[in-house]
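Got some structures for you, see below.
Common to both upcoming complexes is subunit A, partnered first by subunit B, then by subunit C.
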Partner chain A sequence: MKEPQIIVCAKQIPDPEAPFSNVTVNVEKKQVAVDAPDVISPYDENALEAAIRIKEELGGKITILSMGRKVSDTVLRKTIAAGADALVLLEDPLFEGLDSGSTAHVLSCAIKKIGDWDLVLTGRQAGDWDSGQVGLIMGEMLDVPCVSLARSIKIDDGKLLVEKSVPVGYEMVEASLPALVTVSNEVGELRYVARSKMLGLLRRPMSIPKWNSKDLGCDIDRLKKLQLTELVPPADMGRQCTLIEGAAQDQACRLAEVLSELR
Partner chain B sequence: MSEILLLVEAKDGALDKKSLELMQGALGLGRQLGVATCAVVAGSDTARLAESAASFGLDKVYRLEHPLLAGFQPDAWVKGLEWLCGQVNPGIFLLSHSFVGKEVGPRLACRLNTALTTDCLGLSVDPGDGLLVRTKPIYGGNAIASLKCEGVPQMATVRKNAFEPVGEAQSASAIVEMVPDIGEDAIRVKSIKMVEQEVVELDKANVVISGGRGIEAKEDFDMLEALAAAMSKSHGNVMIGCSRPVVDKCWMSSDRQVGLTGTIIAPDTYIAVGISGAIQHLVGMIRSKKIVAINTDPGCNMFKVADYGVVGDYRDIIPALVKKLEEQR
Partner chain C sequence: MIPERPMFWGIDYSWLFYVIAFVAICIFAVGVGIHISVWRKSKSKSNTSISWQAVKQSLLEIVSGARLFKGDIAAGTAHFLMFWGFIILLIGTSLLAVHGHVYSFLTGTTYLAFGFFMEIGGLALLVGITWSLVRRYVQRVPRLERRLEDAVVALWLLVIACSGFLLEGVRLAAQRPGWDEWTALGPMIAGFFPQAAARSIYPGLWWGHGLLCLAFIAAIPYTKLFHLVGAPASYYLHHSPVTLSPDPEAAFEPGVQWDLAQRAFLDACTRCGRCVEACPSAGAGEPLAPRAFVQAARQSLWREERPAGDIRFLLDLDPVEDRSAWFCTTCGACLEVCPVYAAPFEAVGKKRAMLIEEGKGVPDLMNQTLERLFNYENPWVSSKRDRAAWAKGLDVPVIKAGGNNEGFCYFVGCTTSFDDRAQAIAVSFSALLKQAGAEFGILGDKEPCCGDIARVVGELGLFMEKMENCTELLDKFSVSDIVTSSPHCFHTFLNEYGDSSFRVRHYSSVLKELLAQGKLRPQNRVNATVTYHDPCYLGRHNRIFDDPRQVIRSIPGVKLVEMEHHGADSLCCGGGGGRMWQGQDIRGEARMSEIRIKEARGTGAGILVTACPLCLIMMEDALKTVGYEGEMKVMDLNELLLQSLSNG
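On to the complex of A and B.
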């Protein structure tokens, strides 16, 4: 079989693990501001890790595809440092605030434009809105076999073999290529990238194609924005906490009493 | 507007509680809009499930019967439900935000050329334009968004516990059997084997003791086990849970993960050991009756949502606590 051409869809989002004191909800503007650096959505890093493992075994090429208003190639170059081969950025004011179906449409157009591909990987859900839709919808749009929630992905003799997480354990499934797989964290974390390697890459010039809606020839009438009617902060979750201080022995005694009362 | 449809799911052969909650939500919308509320059960042997679904005051229960719908083959289910929607043209289609709903929902929405909103906590209808207003947590739960989408049917998946389970009704709903047109060719992903692992159901526990990234070594979970053993003599069903980093390290299986992408639980007592209290974790345990936190960092978030906090190292606290509990008996 020829070496697999893999496309990994990676979304750039504000760090979803930022402490919630760094998150501000602007009710009037219906906007969330997160005071944290942008990162690659965590499950997309898992997807990249899965892709790199396939490439280590079979060779091939990994292309990272990212849509956003101002996608930062600084953030995305981490993927190159980790083992991806190429980046394609999709930027257009029209791509701002799209719903899941429209996002899937734009990404699918880009995948068709890239043309030569065997496998598309996405994260199971993006860490900002946690929708979990774009991958599955793209599977439909690209009209290929689609497997969700992968915990391991292999290509064997031109066939796709996936271990898919299911509530009772996992399921081994098989499909032909080309195919689309959404990846879960059980795949494992993205390998460590040395800072020096990152910095070296940042200095190296690199041509990164940026495609807009015209380049992609996507159907502009199909692009729908999310229609937010309201955005509010969550109800206050705070409780009055009784702190048990002192030496460990005393703390343990007091806690034992507390637990006995909680029976 | 045409009828409201919801997908009923089974668990261990019986109606899943999530489906009863979904019925409550759907029936509420049905009353508000004055339209019929119907359910669909899918499978190859749905008679019993349809009968149980028929006792909750729905107008109709569709039995979508086909040999290819046995088990859960997503390709076949999407095809079958697409066919059903073609027959009954629902105005609203609701699914649980379950394993099945998460997979079927987006694919079905795409085929029906409409938009789905996942993981909703609340649903209402805008009287102005008749669109479904979908309320869902975003940014892990740091904000709650309400949104509307065009398209028919109006589709949403609904989070566990968003509605109270519906109670039994006086009269039984009509059951309508339907045989969808599904061919073998619809199935592109082939199941080779199912590997069943022992699954813990954390939502059955009275007490959950969870360890997080603060737990230094895998063996240290023995301390939590010892605490569980000591407490189980007086506190009922005590189980061990964890935060996601523990699953990522493969120290625990994912069924023990508490949180947004794990299990959402509300035990009598939740004990968080070495867990900082990230929003995605809190979402999973904030409804616990009492929350106890053990953490070396007095400033950690978990103390803000806890009823009792112990500032200290679990390696000092827990063994002493176990000893104390054993002495007390």
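On to the complex of A and C.
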């Protein structure tokens, strides 16, 4: 069997793990400002880890595909440091704030342009909007088998073997290649990328192709923006701590009373 | 007849002995040369001038065997006997050669004295080696391994010692010289042999004994006996003030760098297992084995530096699981007890650096913690904006860039800034400083991370970045005098920043000073029995044992009692070495902190005092999980002292 050509779709988002004080919600402007560095969406990192494990076993090539307006190659070079081989950025003002269907369209166009591929991996959902639709729609658009919520992915004898998470355990799914898989966190975290590796990589020049809507030949009329109708900030999470003293039984009774008062 | 020993009595082809001796010494020299060639591949620069002070210190330790007596008098005595037996016999035999070929002096009384000393040497060796064998194979002392090499080396020495006495007896039986009352065992053995029989077996026995001895010398560099060379080298390199400033570029070079002293330590290790016995992680039933780590590190270094491979031919080792590297708290207990000054925790550090570089097998929580440290300049899930939140409303002076800042900079540190419990250290210390009228300031939300966590978990690139950031910032704020909350920041600034231009102290030393100057006068009685837990990076790593104790003793009413493990033998709380940020997938049968709090409770103390934010959090948690709440309290030194000062 030839060495698998894998494409991993990675989205750059503000760090979802940012400390709470770094996040401000502006209700009027319908904006959430996060004073935090951009990172790769965590589930996409899981997808990359799954891809690297396949590559470690079978060889092949991993291409990272990322769409957005100001995609930072410093953020995405982490994928190269971790073990990916190539980076393709899709940049166009038109690509900003697209809805899931439109995003899937642009990414599918890019995947078709790349041409030679056996497996597309995406995160189960993005860490900012948590829609979880792009991967599945892409499966349709690319007209390939699509397996969601993978907790383990293997290629054996040209066949794809996926353990798909279900609420009570997992299902073993077999599919032909090429295929698309959306990856869940059970796969495991992306391996650690040492700072020395990152810095070494940043010092080296690297040519990264940047494609816009014309390069991709995508249908501009199909690109629809996501419309935010309302933004509701979370309730003020002020902390008020009361310690209930006494014997265990009294504590339990008092706790029940306090909770029912709060209800 | 004048007592003396004729050279090569009854031996033909005696020149052959010298030929074989020459070959043996060559084999020995080649082996030592190979070791040195591996040591010399170290890239780090070290001091080339000889420090006579270090030579003196090393010699003293070698001849006294002081490091071996420490904590194990039986092992120390057995080794002392073997060591001196070996040295006496080696010198004696060499003198015999001088006597025979250079200058004849071993006659009459001198010879009798010589014979007496040789007898003592032989007996010491025999007793020492027998004792060691009994300890290893009969008593089966838990820390001792029973590998092929251990058996071969020990039995070899035993056979040499026994055959030496047998040879002496047979010679006396054959010669019947008449002055054999000077020796104890010889005449007894001689009694078993008729003269004729003795004459006929003597040459064979002589050659057998001689060849065993020469082969033993040849085998030294190829077995754990290499510690005969390695340990003295290791002693010297430990004592000689080799100044190594961290090379920022080196952190970005692939591969792990071992300096000269570390290389010598690895080769000096005899697998005695004292580190395993002292290791708090191993003691809590975790899979870390410091000894195995040192051996594995040694092997991987040799594989890397010498394509022809290791020359230790009797070594059969168990594989070491990579995962176990994450269990080490870097507490330094292993170095404290190591007879050859090896620091197994440094070997663990190198392994961690390798794993970080590969990126595989880094525990998930540590992975996230390092990302956080990079992005938000602290290992907690906290924002830099909240760094000075503890000081809100306390009117703590903040140092301004370029301003005329009086006094010292109180470097609060990440954990003390962000952790709810540890913030009490900052609050009480700043209150004490204000009462004493001390000039100080904090850096507020500008305070950076010193990088300690990155360093101890092996993320050296990130540590270098943090160090550069921090140095730059301290320069910008013209900080030249730092006082830290955490012994970890203290250690990092003091020992890991290379040639830094600022002075660093831990708060306990400042409190001691303020008390001595009379600026703090504890008046309120605190009627309590108190025990003190030495933080590893304050005590063992930086030898500050007494300052915190003096502060405790200065408080009226307080009775200080010591735990079984205190001072240099203190037990780790389990929070160091990055363990605080590694979560539950890294744990053993027991928690180190629970073992420690039980020991503290055993003293009958009502308060456990410590001087480190990590220890404070770990011990406070253990207090709750063990269920000592209400019986005992865990306090920071500042909190305790403040109780005797504040009027509220």
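In this section, the second predicted complex is superposed on the first by the 239 of 263 C-alpha atoms of A that agree within 3 Å, B and C clash if a C-alpha of one lies under 4 Å from a C-alpha of the other, contacts with A are read in each partner's own complex, and residues count from 1 in each chain.
Quick note on the criterion: a residue touches a chain if its C-beta (ideal position, glycine included) is under 8 Å from a C-beta of that chain, and two chains touch if they have at least 3 such contacts.
Just so it is clear, the model here is predicted, and its values are computed rather than measured.
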item: Partner chain(s) touched by A:Lys70 [first = subunit B, second = subunit C, both, neither]; value: neither
item: First (subunit B), second (subunit C), both or neither touched by A:Val173; value: first
item: Partner chain in contact with A:Leu136 - subunit B first, subunit C second, else both or neither; value: first
item: Touched partner set for A:Arg204, first subunit B, second subunit C, both or neither; value: neither
item: Partner chain in contact with A:Tyr192 - subunit B first, subunit C second, else both or neither; value: second
item: Partner chain(s) touched by A:Glu17 [first = subunit B, second = subunit C, both, neither]; value: both
item: Contacts of A:Ala36 with subunit B and subunit C, given as first, second, both or neither; value: second
item: Comparing the two partners subunit B and subunit C, which touches a greater set of residues in subunit A; value: B
item: Partner chain(s) touched by A:Cys146 [first = subunit B, second = subunit C, both, neither]; value: first
item: Residues of subunit A contacting subunit B in one complex and subunit C in the other; value: 17, 19-20, 188-189
item: Complex contact set, residues of subunit A against subunit C; value: 15, 17-22, 36-37, 39, 82, 188-189, 191-200
item: Of subunit B, residues touching subunit A in the complex; value: 74, 99, 102-103, 105-107, 109-111, 115-119, 126, 133, 137-150, 188-197, 199, 231, 234-235, 244, 247-248, 254-255, 260-261, 268-269, 278-280, 282, 286, 290-293, 298, 301, 303-313, 316-317, 320-321, 323-325, 328
item: Subunit B partner contacts - residues on subunit A that touch it in the complex; value: 16-17, 19-20, 23, 25, 32, 34, 99-101, 104, 124-125, 127-133, 136-137, 139-141, 144-149, 161, 165-176, 185-186, 188-189, 224, 226-234, 237-245, 248-249, 251-253, 255-256, 258-260, 262-263
item: Subunit C residues within the subunit A interface of the complex; value: 251-254, 356-360, 362, 364, 366-368, 370-372, 374-376, 381-383, 385-386, 459-462, 464-465
